[in-house]
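What follows is a single structure, and I will ask about it in a moment.
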Amino acid sequence: MISITGLRKSFGAATVLNGIDLEIRQGEVVSVLGSSGSGKSTLIRCINGLEKIDAGKITVDGFDVSKPRELSEARKRSGTVFQLFNLYPHMTAVQNVALAPIEVLKVPRKQAEAEARELLHSVGLTERADAYPSQLSGGQRQRVGICRALAMKPSYLLLDEVTSALDPEMTSEVLSILAALAKTGTTMVFVTHEIEFARSISSRIAFLDKGQLIADLPTEEFFSATGMALPRVAQFLSKMRKD
Amino acid sequence: MKFDLSILAKHIPFLLEGAWLTLQACALAVIGSLVLGLVVGAMRTSASPLLNRLAAIYIDIFRNIPFIVQLFFFYYGLPEIGIYIDAFTTGVVALSIAGGAFTSDVIRSGILAIDPGVIEAAQVSGLRKITIFRKIILPIALRASVRPLGSVFINLILTSSILSTITLNELTGSAKIVASNTFRPFEVYFVLLVAYAALTYSVSILIGMLHRYLNRHQEEGAV
Amino acid sequence: MRYGDFTPFDIVLLLQGLGVSLALFVSTTLIGLVIGTAWAVIRFYRVPVLMQAVTFVAELLKNSPVLVQLFLVFFGLPAFLKINVTPTEAALITLSGNSAAFIYVIAVSAIESVGRDQIEAARVFGLTRWQILRRVIAPQATAFAIGPLTGLLVNQLQVTSLISVIGVMDLTKVGNILNLRTLKPFLVWTAVGLLYYLTAKLVTYAGARFEKRLRAHTAWKGL
């Protein structure tokens, strides 16, 4: 379980996350929605320890990410997929995927690379396994990025706008993989602007507004939110549908 | 007087010995300054203000003082504090320290040019700091630095001629001997000048090849 | 007072040496600036033969040790041409030529930094090649060149230290003399190094100031 309590985070004078409480249990797919600048990326970066938190507590399977000693355990349990892929440019797809298993989990190289190939095969990159990132299309790169995160067999997958740098065709390549992952019961925290897709795969929606979690509802409840009960959500949804 | 190179013929073996010494000194100094440059470059980009400051001071001092002064400092100074090393070792040490200052600057900009997202990806996958440095930061920074490092090393070769001032008979030192024995300084130094130019030119070609080889996967491909 | 101790006069000696270093630094920089720019203009006009010759000489000077160039001029020329060359003359010739080669490279890239389209546009307005050079290219190229030029000057300042090897009484030579007399190498070379260091810092500072003023000026003109 990822458990977030009383999380606060500011950059200088600007408070970006202002008291977040959120729990993500095994098997859930939680989409995090909210308008630009509401703090979604920052939330993800707090969970994987890329940002130091100012107050509150985040634990991943009980390991506190604010404690340097526990952070590495917490990081072993979650995998992150980035908006701009962030692949290692000097390594082939296989090497990108196999690096962390070899170095962190001490899997023998041969075995790690065989597993990496299998993962790449499962996302349709059998042929491109030995290509370097610069030789891959955006969609292919992001599929490698997903494999790299999955290679550590994480309990949780953190995804921050993983399709927003891709054109529509590539986006659907990647989304179909994510949909398949969701079906197999992979736990995901999914930051996205693709609200229809979020609706189709999520069990829950968390809605951030100006650094506060103003809704945390089962998917269908969220999408039927009315202007009376949740004016900000309704406003957001109608704006998204118009776009 | 006519320009006559033939008198140099019988001195060629002697000059080649000097050239061999130059190559040895330069090869060792390249290794030395690369090691030093990596350590200092890493310090210069580290989060520790102390390490950062120390590295900056080292770079600043050795980049702003003439090499010959540094060399004399070590050559005449070290025996005074009881360290007796020969001219060759002194030369290699001095070249490495001076070269290290330039090398670390190159490495530093190579490190700073790395997309921070790539390093973050390595961090969140649970890699240890030292592993990230060895497997991610260093290979990327070094690949990007081949050309500027090449210029530093070519400068090192040219600078190594100054070692002749501390009685080391490397290429320039042995040429000095040949010049005074043959009374043909013009021919000797002209050939020497061309020899150095040829040497640095071939090194620069090798560096270009190395750059292309190491970066063969980086330039092509769609974005 | 024992022979070998430092005397207050040594300070004067050091400052005298610094004066000689600076005088040669400034004069050879100015000469180099004129020659190097002239070479770049030759290239801009694509003067046949001359252009190739300039490129070749510049490459040769850039890719060989200054010490060897110095020996060629100081020992080689007199023997070859049966003329007299004093250490100071040899220093002047060599350092000027060396500066010219590097300034040439900077000037060429500065000229090339001015976009082709601007030159085309100026030509459409009927400006002659000389007018284009003076009115369009020169101001922009100067602004572009200050940064690299400052770096070069710091380097050339250090290069002047080599003329001590042929006996010019510059700062490094004074260091040699004091070193031999006092047998206090650490102290002597630290003092010499410090003087070079401070001068280098001064050059860097002046370059940065000049660049800032120039940029402010061009920005204002651009509005």
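Note that the chains are named A, B and C in the order they appear, and that numbering of residues resets to 1 at the start of each chain.
The criterion applied here is as follows: a contact is a pair of C-beta atoms (placed from the backbone, for glycine too) under 8 Å apart; a residue touches a chain by one contact, two chains touch by 3 or more.
Just so you know, these numbers come straight off a predicted model, no measurement behind them.
Asks: I need the chain pair with the most C-beta contacts, please.
Replies: B-C
Asks: Which chain lies the greatest distance away from subunit A when centres are computed from Cα atoms alone?
Replies: C
Asks: Counting in whole Å, what is the centre-to-centre distance of subunit B and subunit C, each centre being its mean C-alpha position?
Replies: 22
Asks: What whole-Å value do you get for the distance between subunit A and subunit B if each is reduced to the mean of its CA atoms?
Replies: 45
Asks: Once you find the CA centre of subunit A and the CA centre of subunit C, what distance in Å lies between them?
Replies: Averaging C-alpha atoms per chain gives centres 57 Å apart.
Asks: Of all residues in subunit A, which touch subunit B in the complex?
Replies: Residues 48-50, 72, 75-76, 78-80, 82, 84, 86-90, 99-100, 103-104, 132-138, 148-149, 152.
Asks: Quick check: in the complex, which residue numbers of subunit B touch subunit A?
Replies: Listed in rising order, the residues of subunit B that touch subunit A are 115, 117-118, 120-128, 131, 135-136, 139-140, 143, 217-223.
Asks: Inside the complex, what are the residues of subunit B that reach subunit C?
Replies: 1, 3, 61, 63-70, 72-73, 76-77, 80-81, 154, 158-159, 161-162, 164-165, 172, 175-176, 179, 183-190, 192-194, 196-197, 200-201
Asks: If we count contacts the way the header does, which residues on subunit C are in touch with subunit B in the complex?
Replies: 59-60, 63-69, 71-72, 75-77, 79-82, 154, 157-162, 164-165, 172, 175-176, 179, 183-186, 189-190, 192-193, 196-197, 200-201
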